[in-house]
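Presented sequentially are two complexes of subunit A, the first with subunit B as partner and the second with subunit C.
On to the complex of A and B.
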């Protein structure tokens, strides 16, 4: 399998503090991968760097064959791209905005996804419940026709019905050759839909493994395997 | 479907399909649902389903017809072996567990017989 993303020796500083240091990883084409790590480990920062939203890093980030941030922006659909819209707008107006800004946006796919997720497009984004806001963010992010999707904490603080619906929409609507990276600090929610996991810790990727291989080799759930990297740390804090 | 989160998912999907075939929810020659539909129904990754199905095809339990999909085999020999293998696995687990408790084979039979009788009585009530 070819890789849609390869990162070599990525280092990134903010306010003179190292956030990521000499990080290496890759993502195979057509997979769903969980990006795991504690809050503050740098998951969102890594996604911002991949998507081309953050700059001034050292090392190489390659999506398909593109390495420059502006080229990568065209190839990656990132859930935080919704942060650029006006939240008091109606959902349909935001969709028009996406259509104008992203040539790869499929209005048809967006409408079918919204219907699947029972979204009322005449509502204003900031009037929706947290679960419905996240459904909308997922719908609009997956409606760009790209090879790499980055979903940052899509299940954080939302009810289990919304979560199930979002997971179903990911399985139903992911193009076969597209790759989805999902960050989460509570992997139990999504363990069954993952091909593999990346664990961010100590400013780098310390684990990159296939999910069924973890179950097979360690006889552990993905959650337990993930947590085993944090054992004994509480005392040191 | 509920999965054991410590056991590879592809393996559990294979076991699930074996069961469906043995109890004839999936009949010989019947087409099985498309990969993506199975993924959504079972809430697992498409690649995981793909892996389970391709192993079932390698085992001749499923037959892949180009452009048409995957079908349960109509080969009675394969189906007979599948049932035999699945039942034997359960019996072997039971045997190992009882042996670990130092139960002799003769005693096992007695325990099993008594248990079956008590279940029969329970069902009559």
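On to the complex of A and C.
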């Protein structure tokens, strides 16, 4: 299987703090991979770097065969792309913006996804509950036809019903040849849908493993395996 | 890649929401003023026209500030920086859409002020070509003025953002404010140093503007000042693009 993402010797520093140091990893095409790590480990930063939102780094980030940030933006759909939309706008108006500025945005897919997630597109974004806002973000992110999707903590602070619906939408609407990288620090939320995991700790990827292999070789659940790296340390959550 | 003209059109439409709000407010304020004047039996066409001009000026200043903030915000926003275009195209689209939107605002304002000043304007006895010359050159001058202002503001913001990358978290707030003030003062110093010699040359060449003020001299000087501001905008675009490409990231 070919890799959709290859990162070599990635180092990133901001505000005099080393956030990532000599990080290496790769992601196989067509898989769902969990990016795990405690709060502040650098998961969001890594996603920002992959997406092309942050460009002052050392090392190499290659998505498909593209290394420049502007080329990578064409191949990556990152959930944070919805961060700064006008929250008083209706969902359909926001969707029109994405339809206009992303040539790979599928309106048809967005409408079907919205229906699946029970989103009322005539409502204003700031009128929605946190769970429905996240559903909308997922719908926008997955409606782009790209090779790599980056979902940053999609289950943060939302109820279990919304969580299940989002997981179902990820499984149902993921293009077969696309890869999804999901970051989370509540591992049990996503453990069942993962094909592999990356664990970020000490500014680098310390584990990159297939999920089934972990269960077979270590006889542990993904959650237990992840937590074993933090034994004896104070947990943030 | 996103088509640049499509991006400009989309951003233009977005910015026009603010234009329509300000225009709506101008019309509403004028109506209230008109009703108040009629009710108090104090309607005076010259006063009314002057008030409309004042409201228009306040509207233009508000729009200038709102757009300056919007332009700034785009450089650190994931929503815009993740659009698949190069940094230079995003920069161009951001400024061109703001300029187009400002021109749209000015045209609407000219109509509103024109309608509310029909009587005083009918007394003006200038040839049509001179009036048209004033209008076109005034429009160009206004566009260049706001564009230069936005480019300066953008440079200050990008410098501040770049330097803050090298500051520890706990000092960010205080040092950012200090850097803003320092950058602003620095820009004023640079401007005054560079403006003086050029201003002297312009003064010598077009001194009638400051004395007899013939229409052609006014038009010519407006155009020359616009060209000077255009050059400034081009010069400032170079560091802006460099900082944007290499140092300024989303929040």
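We adopt the following convention: the second predicted complex is superposed on the first by the 234 of 237 C-alpha atoms of A that agree within 3 Å, B and C clash if a C-alpha of one lies under 4 Å from a C-alpha of the other, contacts with A are read in each partner's own complex, and residues count from 1 in each chain.
Keep this in mind: contacts are C-beta pairs under 8 Å (C-beta built on N, C-alpha and C of every residue); 3 or more make two chains touch, one makes a residue touch a chain.
Predicted model, so just to flag it, every value in this text is computed and none were measured.
> With the two structures overlaid on subunit A, would subunit B and subunit C clash, or do they fit side by side?
fit
> If we overlay the two complexes on their shared chain A, which of subunit B and subunit C does A:167 touch? Say first, second, both or neither.
In the superposition, A:167 contacts subunit B only.
> I'd like to know which partner A:228 touches here: subunit B for first, subunit C for second, both or neither.
neither
> Figure out whether A:9 sits in contact with subunit B (first) or subunit C (second), or with both, or with neither.
Neither partner.
> Look at A:56 in the shared chain and tell me whether it touches subunit B only, subunit C only, both, or neither; answer first, second, both or neither.
Only subunit C; A:56 stays clear of subunit B.
> Between subunit B and subunit C, whom does A:83 touch in the aligned arrangement: first, second, both, or neither?
After superposing on A, A:83 lies in contact with subunit C but is clear of subunit B.
> After the superposition, just quote the angle formed at subunit A by subunit B and subunit C, using C-alpha centres and rounding to the nearest 10°.
Apex at subunit A; the opening toward subunit B and subunit C is 160 degrees.
> Mind working out whether A:211 is in touch with subunit B, subunit C, both or neither, as first, second, both or neither?
The answer is first: A:211 touches subunit B but not subunit C.
> In the superposed arrangement, does A:97 touch subunit B (first), subunit C (second), both or neither?
A:97 contacts subunit C only, not subunit B.
> Rounded to the nearest angstrom, what is the minimum C-alpha distance from subunit B to subunit C in the superposition?
28 Å.
> Inside the complex, what are the residues of subunit B that reach subunit A?
Touch list, subunit B to subunit A: 3, 5-11, 36, 39-40, 43-48, 51.
> Can you list the residues on subunit C that touch subunit A in the complex?
Counting only subunit C, the residues touching subunit A are 1-3, 6-7, 9-10, 14, 73, 77-87, 164-169, 172, 245-247, 249-250.
> In the complex formed with subunit C, which residues of subunit A make contact?
Contacts found on subunit A: 14-17, 48, 51-56, 70, 73-74, 78, 80-85, 97, 100-103.
> Which residues, counting only subunit A, touch subunit B once they are in their complex?
For subunit A paired with subunit B, touching residues are 30-32, 164, 167-168, 171-172, 174, 176, 188, 191-195, 211-213, 215-216, 219-224.
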